[in-house]
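The block underneath contains the structure these notes are about, expressed in structure tokens.
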Amino acid sequence: MNNNNSEFEPKIVAFVCNWCTYAGADLTGTSRLKYATNVKIVRFPCTGRIDFMLLLKAFAQGADGVIVSGCHPNDCHYTSGNFHARRRWITFRGLLDFMGIDIRRIQYSWVSAAEGAKWADIVNTTVANIRELGPYTEYQKVADYLDKEDYNG
Amino acid sequence: MKIGFYPGCSLKGSSREYNESVVAIAKALDIELVEIKDWNCCGATAAHSMNEELSLSLPARILALAEAQGLKEVVVPCAACYNRLMVTQHELKDNNKRERVTDIIKMPYSGDLKIINVLQMLETYAMDKIQEKVTKPFAHKVACYYGCLLIRPHKILQFDRVEDPQSMDAMVKLIGGTPINWAFKTECCGAGLSVSRTDLVAKLSGNILKDATERDAKAIIVACPMCQSNLDMRRGAINETLSNPSDIPVIFITQAIGLALGLSPKELGLERHFVNVKL
Amino acid sequence: MSKIGVFICHCGENISATVDCEKVAQDIRKVEGVEYAIDYKYMCSDPGQTLIKDAIKEHHLDGVVVGSCSPRMHEPTFRKACAEAGLNPFLCEMANLREHCSWVHEKGEATTEKAFDLVKMLVEKVKRNKPLDSIKVPITKKALVIGGGIAGIQASLDIANTGHQVILIEKDPSIGGHMSQLSETFPTLDCSQCILTPRMVEVAQHPNITLYTYAELDSLEGFIGNFTAKIRLKAKSVDHKKCTGCGACFQKCPQKRIPSEFNAGLGTRTAIYVPFPQAVPNKPVIDREHCNYYKRGKCKICEATCPTGAIEWDKEDEILTEQVGAIVVTTGFNVKGADFFPEYGYGQYKDVITGLQFERLASASGPTLGEIRRPSDGTIPKKIVFIACAGSRDEAKGIPYCSKICCMYTAKHAMLYQHKVHDGESTVFYMDIRAGGKNYEEFVRRAIEEDHVNYVRGRVARVYEKNGKLIVKGVDTLLSGEQVEIEADMVVLATAGVSNCGAEQLAQKMHISYDPYHFFAEAHPKLKPVETNTAGIFLAGACQAPKDIPETVGMASGAAVKVAGLFSNNELVREPLIAVVNRSAPPVFSTCVGCFMCQTACPYNAIEREEIKGRDGKVIKTVAKVNPGLCQGCGTCVAFCRSKSIDIQGYSNEQMFAEVMSLLNH
Amino acid sequence: MDKLREKAAALLADGTVTMVLGYEEGTNKPRPVFCHTAEQASKLVYSSQCINNLAVYLTKKEIMGTGKVAIIATIPTLRSILQLSVENQLNEDNLVVITVMDKDEVKQFANFAEIEAYIADFQLKLDGKEQEIINKLEGMSREERFKFWMEEMSHCFKCYACRAACPLCYCTKCIVEENRPQWINPWAAPLANMEWQINRAMHMAGRCTGCGACGDACPVGIPIHLLTRKMMEDLAPEFGFTPGQPSKNGNALSTWKADDKENFIR
């Protein structure tokens, strides 16, 4: 793994629900709390909506890390979307790990509309962690179908 | 039936009769008590208000020893020890504390040991046995006095009804006795101040004794050495505070059961009491 | 080839201070499909909106991205603007350049780059947006009110008075609820029944209200504007059409010693009974559990005495199906009772009673005709102790919350006692006196100062009987800091208010959420206090949390207005951001294979089965179908669907996919 | 064997069914056969060698369209039949399910409930070979695991035999055919191949009945069946279901418990 990461700026995509985490991130803004620019937020109605394929696509597209965040249990605007999501992630993580995909690069969190500070913290710590892990070249290498030779030999 | 056994200092000193009666009835009920080897004081002193680490480390060592000696369950007759061990067990759920403490005692502890008091032991393993083995029904009207350490804090101990405990009453009924309905079951006997403010102890214990006597109990049944010694040993001082002095004995539930099982007063250490026991 | 317009807002300095808005606008022009891009100081201002409208017309834009503040703030504004310019509002998206960018980052290239990315992301999304039309659902203009206490009565009357039909169901034989049990009411001390009974009668006589007593909700299906309620009419065993309410039957009934619910167990009633003299309807029902005939197969004395032959022995429960458009839940609360206070000896000592029981003692219609007498021996208590917070605000009792009404009714009780027993001595043990409310504090002061009620701040440790007296052991934490012991003749516990029995099951029947204490949950603690998370179902009164009469009535009227508001439209308009199952040409019809995994996933039971039939009427295949009235658009089903047959408008697979793909690799 | 043939012949003769799905002798192991007449029923064989999961045919219109069908089901097949019924893919009255018990006793099931009761006695366990590979993989570092699968995936040429062999892959339109958006790149490349397998595994989560047909079908021998199989083993305790015992109370992923673990969520 790449260790001289001083200049390495990880690309991170955040998949968040509209009602809690998106609003929480809004609060981060209104409270003028600062965080790293590496993260770009994609807005979903609910964590229940987030398709696991989108996470894989993000990595394939060169993301080095992903944040998935929604309402705390029992706070879901749709009462149980986040519970369904939680199960999906439990399953997904198990599978990815078994396939040797680096699940440390996916940060799951519950951030409520009132937790602006928590959002800033999640982003910053995630950026720091991913910087530590370095770019996800291992995955990106296989992502481009043209250079297959390192696997088809 | 094998259970770990932590007597603690009181049972080895001021309340030997409790120890003797516990051991005696355990034997009579085919419960094998395995005393924890190399056990130490549980720290049931002011320690827990002065030095948290110490107050956790002392019991933690006991628990760790028990675990190391392959025990799964430990019976702790002394209410104070029981309380300290349970509280420690609870506190050690916090990993940081556990690490800190196990580091101090230089022993690992999983936190899975089961800690029970005498009443729980009898409730879980001996009720039927007691029933069938009663030879001399304990046909007396008595006041079951639980004190505080046995059931408080309820959040942690999770034993019996906190405001109106029943376990001892049930056992007394089982051996043919009649528990009175009274209000001082869980009142404080003053043990916490038994050194510094004996006057208060006399007053508090006095209230308890007074009500039990007025409701015409023939004895007070306890499961805590502190309660016992306060109500028994300090009877002189207490009686001075009472308009009409009381001479009812204060005996351990284990002694009462022992009598019902036909064991001799001697085996049960009944002659060790200050207020002599005529039952 | 799409024609997207991008509008970058400076938000005064808020965005432009850290983001180079002009650069973003310039660069975004280079993105394929972007027809027009411009930055402006205040996009949300009138000139700003005009800018957008003109651009839409001039450049025939088929999509708009506004890069400004959070969509949670101004999405409606800009979508409206687009609509006014003739562009479907759902072809307008917002990039959050303020809350998610300029405000959280320092000035610099990275920040501007991120702003660009956020805009680009939305450009890619909006390219794939589809024009959507708001959903319209018809509304059945008839309301169902569940629970005939003061909340239900008020809500029913208010709705009925707007000219809409109301069905009021009450599980007991009479409406009136807890309020009918009360003696006087704080802070005015006017007689509860005197103010309540007229309204009960009004309900019974109102042309727009259909009242079903002795009835419960059996099941509920459907969605806002279109509910189907099955109502169980429990067998009264008395034909109320024939019954004249003469009362001969219950005078003769041999079963006389049944504890009366209305008198909180202090009085008795017969097996065929009217709960109380002012009951509405004032006609009896037979309590089969206690009736000799139903128990032993003989008796029938009531039948013999009934002049109109109204008794119906083999009457069975009926299920009534009603179509309603809205529901108001007003099922009220309950008070904690026996065995909850071993330390206070409730259930053990006859003269330790609950506040509700005291109400009955103090009530002129009560078992003692309003005289305060001890249940044990009927003597008048000379010393009485009231214990506030009996259970409430007590973690150990599992009730950490404040029951809210106790402070006030305890003061009232003490006052009433002093008014009725002049030489009596009353003491109140309290934690804090919570008398927030118009004239409430004054009322408590009156109890203390004019009626000389002795208020002691401190908890009571226990109550026990000693030679005929109740010894109350407590502590005075305010003045002496000493323990206090009072030898009382009677103790009244201001027991905690708790959710009504069966609240949980009812909530599940209606798919509304509830809190850990089984009180029904409002949609928003501040801004939606009478709504529930299920559209079309509203709350009023103590079923949501303990509350007093004025608050309950206010809430009931509030709920009624919500219903009236709903009924003021002929159809309901909803945002079309909901899931749809695709349909395609035969022979496929839909890629849905009908595994119906989505059905268990949907939090709203919005997924229905649709049978696709051929010309011969034979079912070709069964596929999922989303009920647009029920779907709230969470999209959980979408992420589930293996064949991607179900998709959600506004957050479609194509849109989200495009967003993610656009983000990186450049 | 005779008992089975008699049974099948009888069913066909008296017109109870129009077709019997079973096995006949194949080149080196029994292969599926569709018997339309009582005579054909004499070809039927049954042995531990019968590994094809015939349930795969029960969702094919060409077959179910023909009328009432009888199927000779192995234990894995029975499991698949149950799961299919849970997923509303089977019509109970349109199907006769037969299995062969020990001593060649033939059992015909009255209904699916009976099947559920019957298979309850058969535990689904990882066989030695499966366990071995799983252990091997778990022994590896994450990077090694990734390399392992990438190496395996590089042999895949997207023939979709795994899909064809699986009774539970019955979608009218598979996600790999979905092109708006193009979730999975159509070409055969390690990532595209892996994405396909991840999708397959996720789609099977809580549904797979562990028959292993996908793995058996793979012409280049990628142990893909372990992806779904391993997940089943891991999730069963997590979500409280029994591998190989499909039940009506929902698919592991379409239901949830308030106390599902979330130690990985911040």
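The chains carry the letters A, B, C and D, assigned in the order they are written, with residues numbered from 1 in each.
By our rule, a contact is a pair of C-beta atoms (placed from the backbone, for glycine too) under 8 Å apart; a residue touches a chain by one contact, two chains touch by 3 or more.
Treat the numbers as computed from the prediction; the structure is a model and nothing was measured.
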item	value
Chain pair showing more contacts of the two, A-C and B-C	A-C
Centroid spacing, where centroids are CA-atom means, of chain A and chain C in whole angstrom	36
Distance between chain centroids, defined by C-alpha means - chain C, chain D (Å)	47
Geometric centre distance via CA averages, chain D-chain A, whole Å	34
Per-residue overlap in chain B, given as positions that touch at least 2 other chains	none
Set of chain D residues in contact with two or more other chains	183, 253-255
Chain A, residues touching no fewer than two other chains	52, 80, 84, 88
All touching chain pairs, where touch follows the definition stated at the start	A-C, A-D, B-C, C-D
Interface residues, chain D side, partner chain C - complex	87-89, 170-175, 178, 180-181, 183, 203, 250-251, 253-255
Chain B-touching residues of chain C, taken from the complex the two chains share	341-343, 348, 396, 462, 464, 466, 471, 473
Chain C - residues contacting chain A, complex	70-73, 96, 98-101, 103-106, 110-111, 113-114, 117-118, 121, 513, 533, 577, 601, 603-604, 632-636, 638-640, 648, 651, 653, 656-657, 659-661, 663-665
Chain D contact footprint on chain C (complex, rising order)	588, 591-601, 622, 640, 642-645, 653-654, 657-658
Touching residues on chain B, where the partner in the complex is chain C	154-155, 161-164, 181-183, 211, 214
